[in-house]
Structure formats: C-alpha cells, structure tokens
Amino acid sequence: MTTSHDVDALVDQVRQQVSDLHAELVRYQLVIWTGGNVSGRVRLGGDPAEDLFVIKPSGVSYDDLTPGSMILCTLDGAVVPGSAGSERSPSSDTAAHAYVYRNMPEVGGVVHTHSTYACAWAARGEAIPCVLTGMADEFGGEVPVGPFAVIGDDSIGRGIVETLRGHRSRAVLMANHGPFTIGKDARDAVKAAVMVEDVARSVHIARQLGEPVPIPQDKVDSLFDRYQNVYGQAPQGTMTDPSAS
Amino acid sequence: MTTSHDVDALVDQVRQQVSDLHAELVRYQLVIWTGGNVSGRVRLGGDPAEDLFVIKPSGVSYDDLTPGSMILCTLDGAVVPGSAGSERSPSSDTAAHAYVYRNMPEVGGVVHTHSTYACAWAARGEAIPCVLTGMADEFGGEVPVGPFAVIGDDSIGRGIVETLRGHRSRAVLMANHGPFTIGKDARDAVKAAVMVEDVARSVHIARQLGEPVPIPQDKVDSLFDRYQNVYGQAPQGTMTDPSAS
Amino acid sequence: MTTSHDVDALVDQVRQQVSDLHAELVRYQLVIWTGGNVSGRVRLGGDPAEDLFVIKPSGVSYDDLTPGSMILCTLDGAVVPGSAGSERSPSSDTAAHAYVYRNMPEVGGVVHTHSTYACAWAARGEAIPCVLTGMADEFGGEVPVGPFAVIGDDSIGRGIVETLRGHRSRAVLMANHGPFTIGKDARDAVKAAVMVEDVARSVHIARQLGEPVPIPQDKVDSLFDRYQNVYGQAPQGTMTDPSAS
Amino acid sequence: MTTSHDVDALVDQVRQQVSDLHAELVRYQLVIWTGGNVSGRVRLGGDPAEDLFVIKPSGVSYDDLTPGSMILCTLDGAVVPGSAGSERSPSSDTAAHAYVYRNMPEVGGVVHTHSTYACAWAARGEAIPCVLTGMADEFGGEVPVGPFAVIGDDSIGRGIVETLRGHRSRAVLMANHGPFTIGKDARDAVKAAVMVEDVARSVHIARQLGEPVPIPQDKVDSLFDRYQNVYGQAPQGTMTDPSAS
C-alpha cells in the first residue's frame, strides 16, 4: 500500500523529471515559444486507472518551467485541487495525454511537439518509410499517420491510441498536426520525440534526390528485436501492451 | 490624465521590453548581423494618434542593444528630441512602423525580419497555405503576401496596413522583401514573427515532397476561435480593428 | 610619417580585430573545424603597396585563436620575420588574400569560407540572382561566379580581382570552391561573408518551389544607392575602385 | 619495451582524447541522444595486433561522458577485465571498430555517427561525387558507399575495411545505415566525420537545383596531394596502408 508520504515523494520525483525533460525539447530544437509538452505518469502501485500524471502548464515560457510549476492531474484530465501549480491551467493538450494514460496503462510518458520535419510528413498525411537501420532499431518499421482530429474532445487521444496500440512505433504523426510519442516513462517518450524528428528529417532529405532503398522486412525485424533487448547498459523491455496480450 | 512622471515610467517599461525582445529574434535565428527590428507602442491613454513608440537604433549590433539605446519616436516617425538614444538614427524601417501605429490604433507592437523561409515565400510572392493546425491556431488561415514596395516613403507601411486590416493573420510577407508582423503588444508581434518563420519552414518542407492535405475551412475557423479565446493562462483577446467595426 | 611605434599599435589593433572577427564566422556557422579565414589590411599611410596584412594561421582550431597567434604578412604574402606568430604558417589561402590587397588598394579586409549554400551555388557555377530587397541593399544585384582555379599560384587571387573589380558585389563565388568577400575593412568583409551565405540560402529555398519574381533593375539601383549612403549610424562610403575611376 | 606504467599513461591519454572528442560530435550536431561513438587505438609499440582501443560506453548521455567512463578493449572487441569503466557495456558498434583496428594497423581512430545528410546518401546507396575543392582536399575524390550489413557479426567491420582499404577516402557511407570514418588517430577520424557531413550537405544542396560541375580528375589529384602534404602547421602524412604496399 502506498502512503500519502510516499505519494508526495513520487509526485515530486516525476515533477522534477518532467520539468527537466522539457529542456531536451529545447536542446533538440523540437519546440518554439511555449509550444510542445511532456507529461509523466505517477504510478501509485494500485489500479492503474487511479494513477496521476504531471504535465506542463499552458502558455508558459520554457525558461520559466520549474518542478513546482508542473501541474498534477488525475487520469480524467482534471487538475488535482490544492496541488502545487494548480492555480494555473495545464497544457491545452492535457485531455489527449489523459486519454492515452487511461487507455494504455503500460504508457508512462507522453510527448507532443510541432517539430518541423515530422509536421511536414503529417501535413501530407504520409507515413515515414523505414529506410535506415537506426529507424528499424528505434521504431521497428514505419512511423504511422493518425487521423485528423481537432482539440476539444477525446478525438486526438483516441486517434493516438487507435494508431499506436499494438504497433511497434512509439510515435504517431497526427494528420495536419504533428507528432505524439509515448514511452515506458517520460524520458523514453522524449527520446522517441527526438528520434522521430531525426528520422523524419533524414528520410525527407534522402527522398529529395531519389528513392531510398528499402530494408528487407526480416532485417527490420531482427534490428528491432536486438535493439529492444540488448542496447544500452540495462535491458530495456519493449512496452508490452496488456490490451493486446 | 497621464503625468509626465507616469509617461517616463511607461517609456522605460517599453524600452526594457523592446530591448529584451530583440534577444528572442536572435534566439530563434530570425536575424543576422544588425538586420531586423522590434518596436512597441507607448500607450499614453489619450488620443491614440498622440501615442509614442520605441524602436531599435539603425545598424547597431544585437550584442550592444540596451534599454537606453532604444529610440523614442512620435507616430509620424520623428525621434523625440532630447530623449535617451536620440543622438542616434532609429531603424531604417521606422517610417513603416510609424505608419502602422498611426493607422492601426489597436496595434501595440511591430516586428520586421528577413527570416529565411518567410523571405523565400516572399521572393516568389506566394501566400503560405494553411495546412497545419498550429497555423490555424496562430494565423487563422493563410499568411498573405503584401505588395512590392521600396523604402523611402509610406508605401511599405501602407502595404502592411492594407493587407492586414481586417485580416486574421498578424503576419504579412512583403513581396521580395520579408515578413512584417503586428501584435497587441511587442511580445505578441515577436511571437507572430517566430511563428510565421516556423510555419513558412514546415509548409515549405511539406511541399517539397508532394501536396499537403488542406484543412477544411470550418475546422480552421474553430481552431482559430478556440486558440484566441482559451489558450494560455489568461484569455487573449483577438485584436479588434476599430476601423473595421 | 608613421613611426615604428605607431606601426606596432596599428598592427596590434588589426590583430585584435581580425582575431575577434573569426568568432563571427563560428557564430554564423560559416566554418567548421579549422576552415575559413579572415584578414585585415594594416594601412601604413604611405604607398598602399607597402601596407601589411594580418591573417589567421593555417590549420589552427578556432578555439585557440588569439591576437598574438595571427600572422603578419607583407603584400607579397611573406610572413614578416620575427613578428608575433611568425613561427607558424599563415593560412593556405594567404597568396590569394595578398593578391587582392596588392591589386585592390581600396580593399581593407578579405574573408574566405566554405559556407554551405554559397558553396552549393559555386558547385553549379551559378550566380545568385537578385530577388530580395536585402540583397539589392547589400550587393547591388547578383552575386557573381569567379573562374575555377586551384591553389598554388596567383590564379585564385586573380580570379577574385577580375570578377570583383568594378562590380558592386563584395562577394564572389569561386567555381567549385566557395565564397571570397572583400570590404573596406575586415569587419565589412565579414559582414559580406555573413550576408552572402544568407542570400545564397534564402534564394535557394525560394527557388526550390518555383521561380522567384525578379526585382526591376531601377529598384535594385535605388535600393543599393540608399543603403550605401544612408543606412546605419554614419554614412558608409561605397568602396571606390581607383582602377575604375 | 613498454612497461605497464607506460601503458597506463598511454591508456589515460587516449581515454582523455576520446572522451573530449565526443564533444566535437555534439558541437557539429552529428549525433543526438546517445547515438554515435568515437574510439582511439592505444599503440603499445609491439605487434599492432596486440594493441588496445578505447571506446564510448553504450547508451550513456553525452553530458555524462568522462575519461574514466570510456571502455578499454582488446582488438577482438572484449572489455579488458578490471579496467576503469569495465562494469559497463561498450558501444554496440564495438565489434565493427575492433574489426577495423585488427585489419588496418595504420588506423588510429574510428568514428561512427548517424549524421543527417550522410545518412540520406546512405539511404539511397549513392556515393557523394567530388564537386568541391574542399572535398578533393579532404577525401581525394568521391565518398564511397559500403555494403548493407547488420549488427551482430563482423559484416559491418568487413564492409568498412573492404571499402576503405586502398581508398583515398577516410569515410564510407554504409548502405541504409550511416557514415563510418577512420584516421591516423581519433582526432583525425573525428575531423573526417565532421567533413563528410559537411560535403554530404553541400553537394546535396548543390544537386537540388541542377547538376554540379565535375572537377577534372587531374585537379582532384593535385588538390589531394597538396592538402595531405602541405596544409596545416606540420606535414600530415597520408595514412599508408601496409596491406596495400
């Protein structure tokens, strides 16, 4: 059982992580002005539907973000009353993040940006084909396009979940909008946001002067498998999707 | 009634803001060398025609800008004699800024840059089509092209006003020249300058590999409406154009 | 008459300026590794053929440049024996800089880079057409291409001088090589290097999606005239070419 | 004969150099997140087959790299037990680096990145043609493409060696993967990684608007010869390939 003291410490830890990770969006030039947002799930250890998440406030400059200004929400997207930062509005994309957390309990982090090259593929409604081994490693194949959806109800969140559930890719290009990425935690989702812009850019540039050579599917499969299980200092489990098992 | 002491404080506040905002042009790589300029209106509370504005000096390095080196002008574009910085010449685009302030009393800030992608659309004399939801949010549709005009009389200012009056967009691409943006204050105009380069770049890149999918007009309308009224920590009113009401 | 003490002070001043200006090449991303170079003429006040110039050492990292490591040369390109830094080799482009100083006494600074977009036009051997007012201001028309020439004799210097003598442009794109720029002093030549990359990039991007609209010649002329005589805090004289007068 | 004290000092020196050089990959934007790696040979002065090399750990942030976290390996790619950092896994590209060191004793450094423009040429399986004098200087002709190979055995290393042995270029674009570069030491290999991205970008951009003009082969030859023997503060020998002599 998690005590309220434990919960406070957990929330503070996720606040710090989510606040820090916004600096990575700036470093990799994925965002401008106050655009873009990172959130992280606070896993309370009970029913995942009762978890919380921490997200960026709306319309605040990246220079001014601090752990205390991050906003704590329940999985229905409501601000937790009386929590630090609760006098402010959360990101206008909060409902989409909340929908993902409610419907994909394995997801621990969500990121949204308007990064340039990913938006360009999204504006054409075109998936990014897998023509680089680094892309096979990271996304296990193409990066898919999600439906056109506008803010105001659950349609963005639903589009993300319907596209990514059971898919190897942790990134979706929402049509005419931009990329959303998920991960086992907020850092993993930020990595996916960084990598999706990188592959969007490299494959775009490759295509400008001719057709890239496709990678055979069995090679894509073995690259993805190896990367998920061997790369780095400790094995990284692929997010297993309970709804798919 | 505004006392001269109040006016001094107001002017100092706008000097600080305008000086600081030039750093945002550098941060977002919208300017090089001494190019580009930001100005901000000093609203004196009486007849808007008697307001003042603060603008960057001509040909001075961005590293050397300070609040005291900003130049205070009347709305006919003349330097206020004896004011701080008045020994220097104001930006060579001062007449265009002045024309906008005289003819659009709702405008509190004006920005001009030669940002790369916006200039590219301007060189072709082509409006940027609205194919991204972030562009619908920010500009409410396409970013229009203004007439070809050269420095030396009111033709640039007139071209800006004729294009933007009654238009949703706060940015105009002056033909063969570059973007001018307006806003309710200098910060809002700088945001428009940052965003117009961003959409100019994203839509350019989208178009390089095929035709972007248009966004239905009713969706553009609802996105623009929501963004103007809901986004951020406090409602942002759309600039209402008195001359259009 | 200039005393040797005066000469030392003058040389030190140009060493400082030339050393500092290399940081601008880095800031505007015109150079990588040890590529690129700036030089500045030391005007001794007598026969311009007996002036000296200061140039970057060969193959030294930009992080390690100091005024004392700049190399002092005579106008035949020889290192002044015993001067600070003389134990090192000057830039491998020294002969080209020297040729320009010998043959264009009005030139006070020379810059060479391999900046990306200018090199792209140079690789196609194509002049940059004047389709932006900022380009008319700065270069007074197109930026011309110079001949293909390889290092080892005076052919690069000669190609620069033959192309730029009597030309409005302070920049030449040496075929399959890259831009060389000149100016009334080293700072002016660096500005030209910054601006030529900027227009090379903007016009390239404009052309990617169609044909830019040309600017009428009389407008180009009046923009160039105004900019040379009015812009900035003090009138900037056009470099007058004695050989052309 | 090298004593174990000498070996420790040598290893420490290469650890420092390899650690520092990773910052150059970041500076020139050749890598993102934890991607990319530099290694340097530790020449023990005996049989080159018994040399060691130092390489980046796998999946560690560039911000956290220190000399002590670099990993010391034998030329069969095994971590030297008990050496500093040996509790961590070396880069997942270690086997490829080791293969190069085993088979090209003249190579003192190896670098791998996923730099954008080099990856774009690699995705199309297209060599970069030599159309700029700076490219002739650095690579002596085109930058070749290596075979498609996946991680897991010696096929990447073998592809690098088969492509670069006896070739002037120190860079190979491994098909659908990215660039590997070699050099006489780690710094030289990093320079090649920086330069290959630079020429990949410049030639790509040149080609976007038409065909670049080729450089005659005899000019390419004389440029390469001069650059290898004259440029910089001390003569840089071309790596001579013993297996080719």
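Quick notes on this one:
Read from first to last, the chains carry the letters A, B, C and D; within each, the first residue is number 1.
Everything that follows uses one rule, which is that a residue touches a chain if its C-beta (ideal position, glycine included) is under 8 Å from a C-beta of that chain, and two chains touch if they have at least 3 such contacts.
Just so it is clear, the model here is predicted, and its values are computed rather than measured.
Within the contact network of the assembly, the step distance from chain B to chain C comes to 1.
Using the mean of the Cα atoms as each chain's centre, the chain most removed from chain A is C. Judged by shared residue numbers over all numbers used at their interface, chain A and chain D contact each other through mostly different positions, with under half in common.
The distance from the centre of chain B to the centre of chain D, with each centre set as the mean of the Cα atoms, comes to 47 Å.
Spacing of chain A relative to chain B, judged by their CA centroids, is 33 angstrom. Looking at chain B, residues 208 sit in touch with two or more other chains. Only residues 28, 131-134, 191, 194-195, 198, 201-203, 205-206, 208-213, 215, 219, 222-223, 226, 230-233 of chain D touch chain C when the two sit together in their complex. Those residues of chain D lying in contact with chain A across their complex are 32-35, 57-60, 88-89, 92, 114, 116-117, 119-126, 148, 150-152, 175-178, 204, 207-208.
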